[in-house]
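Just so it is clear, A, B and C label the chains in written order, and each chain counts residues from 1 on its own.
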Amino acid sequence: MSELLAQRLCGELTKVVLIDPHTHINPHSAASKTLADIMGYHYYTELAHSAGMPKGRIEEPGLDPKVKVGRLVESLVNLDNTIQVNWLVELCRKFFGFTDDRITLDNWEALYDRAAAKMAELDWEDQCLKQSGIERVFLTNDFDDPLTGFNTERYIPCLRTDDLVFHLAKPEVRARLAKATGIEFAGAASLRRAVGMLFEHFASKEVRACAISLPPSFSPQAVTANDADPALKGLLSGRELTCDETVTVSRFVFWTLAEYCVEYKLPFDLMIGVNRRVYPDGVYQGQDLFDQRVSLIQYKDLFNAFPQVTFPISVLAQISNQELVSYSWIFPNVVTNAHWWYSNIPPYIELDTRARLTAVPRNKQIGYYSDMYKLEFAWPKFSMYRECLSRVLAQDFVIARRWSEEQALSLGRQVLRGNVETIFGV
Amino acid sequence: MSELLAQRLCGELTKVVLIDPHTHINPHSAASKTLADIMGYHYYTELAHSAGMPKGRIEEPGLDPKVKVGRLVESLVNLDNTIQVNWLVELCRKFFGFTDDRITLDNWEALYDRAAAKMAELDWEDQCLKQSGIERVFLTNDFDDPLTGFNTERYIPCLRTDDLVFHLAKPEVRARLAKATGIEFAGAASLRRAVGMLFEHFASKEVRACAISLPPSFSPQAVTANDADPALKGLLSGRELTCDETVTVSRFVFWTLAEYCVEYKLPFDLMIGVNRRVYPDGVYQGQDLFDQRVSLIQYKDLFNAFPQVTFPISVLAQISNQELVSYSWIFPNVVTNAHWWYSNIPPYIELDTRARLTAVPRNKQIGYYSDMYKLEFAWPKFSMYRECLSRVLAQDFVIARRWSEEQALSLGRQVLRGNVETIFGV
Amino acid sequence: MSELLAQRLCGELTKVVLIDPHTHINPHSAASKTLADIMGYHYYTELAHSAGMPKGRIEEPGLDPKVKVGRLVESLVNLDNTIQVNWLVELCRKFFGFTDDRITLDNWEALYDRAAAKMAELDWEDQCLKQSGIERVFLTNDFDDPLTGFNTERYIPCLRTDDLVFHLAKPEVRARLAKATGIEFAGAASLRRAVGMLFEHFASKEVRACAISLPPSFSPQAVTANDADPALKGLLSGRELTCDETVTVSRFVFWTLAEYCVEYKLPFDLMIGVNRRVYPDGVYQGQDLFDQRVSLIQYKDLFNAFPQVTFPISVLAQISNQELVSYSWIFPNVVTNAHWWYSNIPPYIELDTRARLTAVPRNKQIGYYSDMYKLEFAWPKFSMYRECLSRVLAQDFVIARRWSEEQALSLGRQVLRGNVETIFGV
């Protein structure tokens, strides 16, 4: 009964047209062209590699797309249990007329060709969005992205700032900053001006969020320009910074970003907890992991210093969810943001959704984003989330708390769509 | 079927008259007088603030109770999903004849007036306890509470010791200690005597527990009087203590408390893991949060040094529950104590109850306390717990392990009531 | 419906004959002789002690087996809720014709006698294995075990290395090493040779894994022979090592073991997270606990340095499971290994299984081992796991993802049996 109820709720929630508040879509090439674009997603390459396929077979230079897909299909026999492969099968069934429940050595070629034909249709991008029930899509833009040549009504700019905070010691990053702003910064003051120009440019293109991913060790603190100057000058001189200096630079830039978020009235998306390149021999984008020993207490000063800035927060470690729930329940400027990466699987989505819906104000929860690189993934990922959400609404609200189905759907619609509008002002 | 079974078990467990083993009731004013007393509970003010209401509107000096309730009701539209607002609605339905499922701008005034009339009845305190199925209530008494003017048969004293362990550097705390004991301590020896007088006084008033809340960083250690003396003398001289000295003082006082718990045969309630004033601009009592990076290994020396003292332990972080289960399964003097604060929501209560009932001896589990400030909250809070407990008994014992319903109820009654009697000797 | 489906799946999975990939069986005395062997398992003695029985009553020297069982039975009234006592009842029902649902003061003597008669049958060991559906059993062998006098086809040697890594400072450990290898090591080079001889000996006896349990603080690093030599020489001189030196020795030996695992093509079982002797006054084997503040990031260098070695990993803290899932999903040489000790209870097994089956390649998951000391425990422990596994297969695969029952069973059989064969090469 609970299962039928959940399906009924899910059916209704599937009618809600969505705004996807975080993706890695390239607006100049948003949809896929072949199944290789789809199966080249790091989830499939890293799982195939993990299950035993040598990296060289996956990342061989000049590999033909169809040959690559054929190789990856060999691995699916070891991966069909994963929810990621379930996304793949579901999107093939939705978009490409696939009717089997497994992609195998026997059926993949026909699927490849049928998919290629479909994706070659001129309006495939529009079709895909429409069939997926998505009308607007947030991007992840490099700080020096010109933001031209695409429809910013459909594709909403978002200023991604990892490079500025963590990689300013790299000459190429500084060169990109100089080129984008016309400022070759010489210290804290001019760096701040350069960052301001980035915000001004993004604001002129209807940016709706500033965003960054952060390692577990990071703890933001206010750093004065005076305190930052020696480290910044050391960095400009080309000498290697000490650990403390590196931290000082990161904190200074990060705090500066938060200050501009006040000025430009932008939410600041924090994606907390990733360690980069833990497995350097892994496939492309399949090298990062985490250390779950992290706490939101590290962000205490930030949350207190910027009451005017909304911080939509994603946590990588599932065990961080209770802190996220609790900090969102206390701090007006902290909101929960979806289910990120290693926590984006149904067992964790359900646990996390259950706690959030039970203890965080309903206007402070962003239910989900797809994090996708190609448009075809919005459908299966949001479907997965809607199923989890519907189970929680059915069990914890309609059954346990005797809500009407309409009351439960209203809550579901708010976290799926309504809060994206109010929190990001779209 | 599982749902009906759980309801049947819950119905039976609701008949058990309870002793509430931890509250913040003021025995001189135990029940509420208006809905403002009820909605002034920090859960509602902090959630309203978190959802967007300025602190000034909630804590305006001299605010009329009815006006305050009217303002808070405005926030409920953002909070009706929370279990805390569910408590509010449930208690209004139980006690005040409220028949709607939401408190709204349209129905709150009538509710306010009806509630005020009910609470004005001379025997409201008795009625409330009787309807709630509660017969005795543990208090949280300041160390200098005279413990007079109330019925210690109904309201059981409990010596709360946070001020002694963590705030002895404040002159007002020392003044209160001097006034309560007649001893102006001059060093470790006289401080120990003063603390002993507090225990003697509380023992004469039928105290049943010593209690304290502890930050994640705290790690108890034995400190000799000789080692504590320099820090205590520094503190008495009014100079600021070093971090190490502050720790030494806290550890010395804490260890002294444990020694007196041996002498007075008192359980020592430890509530582990809260960071105070993380959000200093929050509303009253809505400023504390936590850092989940804490371990019961920090209490290893304590548990080994005091085999005669029972330590009922509450943990703030849900992830601490497995350690609590495991330490209770190994140490004879460690028992599980209810579901505290940020862990006191059904998704976490169920997970934690499931593990405890599966792996901790049944005579070592205190199921629940209300932690309430006003009597009206015992009903909805214990109801929430009973529903969680019943679901676990139904699924994990009656269905999965084929226990009879009566066997399951017997386990339920023991954790709800029986163990409170045996562990605290009431 | 879900419950009936789970039972149907469980019935099928129970037909799979198993290899138990980690136990503490003594192959010279694999089965029990009386109920005292069974109830002497640390789970019963430590729980009885935790529930209030003095250690002296349990561990009284020269205690008659039947008297000991009688005493432990007194405690069961406090322990019948635990899953460990459920194992006990289930194995008595399976093997000894016990028909009650509780072992009590009234029925235990008859049970004791009936069990003793059964276990006195000459082929009890064979009967027990056959009835339990177990055909091969991994051992945990001391490094100096001669590995003679038993059938290595049925009982598979596994080289346990805790003593070498963590207790080389004890003269008796060094004496055992010298005796087993004929080498009295004088430094890193000769120690490495001695360790190599152990591998050679074990390889000649069909060893299938190297194994170790590790404290939360351990973090493996490569240590050169040159860097290890001063600490090893200090140790040989009998002087107390510094903390750093102790760590250096442990790391050197551990890394050496990993190097030999390459040479001998052995998986290296890592059991991560136990603190030994946290409660030194506890009963035998009932003294160890843990600090959950541990991360697999500590093993980053190891996983990167030994791509040729498979690391089946068990984690003691349940919160470590998401890291384990994520590291297994990224690193080809990391696989999930069962549910260990304090995480080996149904609430945690289900959560962990759910996440693993959803996100780890299906060929990289070892479902379960019994960790048993006596053969009689394989049945109830594997039964517990099969029930958890079946519930997850029913809910997450057959119902939520519409897999056929046969597809779900195939996944179940692979994690129960197939992967043990492929990963350990048996």
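Convention: contacts are C-beta pairs under 8 Å (C-beta built on N, C-alpha and C of every residue); 3 or more make two chains touch, one makes a residue touch a chain.
Predicted model, so just to flag it, every value in this text is computed and none were measured.
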| request: Mind checking subunit A against subunit C and telling me if their interface is mostly the same residue numbers on each side, over half, or mostly different? | output: different
| task | Compute the rotation angle for the C-alpha superposition of subunit B onto subunit C, expressed as a multiple of 5 degrees. | result | 120
| task | Just give me the whole-number Å value for how far the CA centre of subunit A lies from that of subunit C. | result | 39
| Multi-chain contact sites of subunit C, meaning residues that touch two or more partners | 293, 319
| remark: The residues of subunit A that touch subunit C in their complex are 3, 46-47, 49-52, 78-84, 86, 101, 275, 278-282, 286-287, 289-293, 317-319, 342-343, 345-348, 387
| field | Interfacial residue positions of subunit A with respect to subunit B in the complex | value | 2, 293, 295-297, 300, 303-304, 307, 319-320, 322-323, 325-332, 351, 354-355, 357-364, 396-397, 399-403, 411
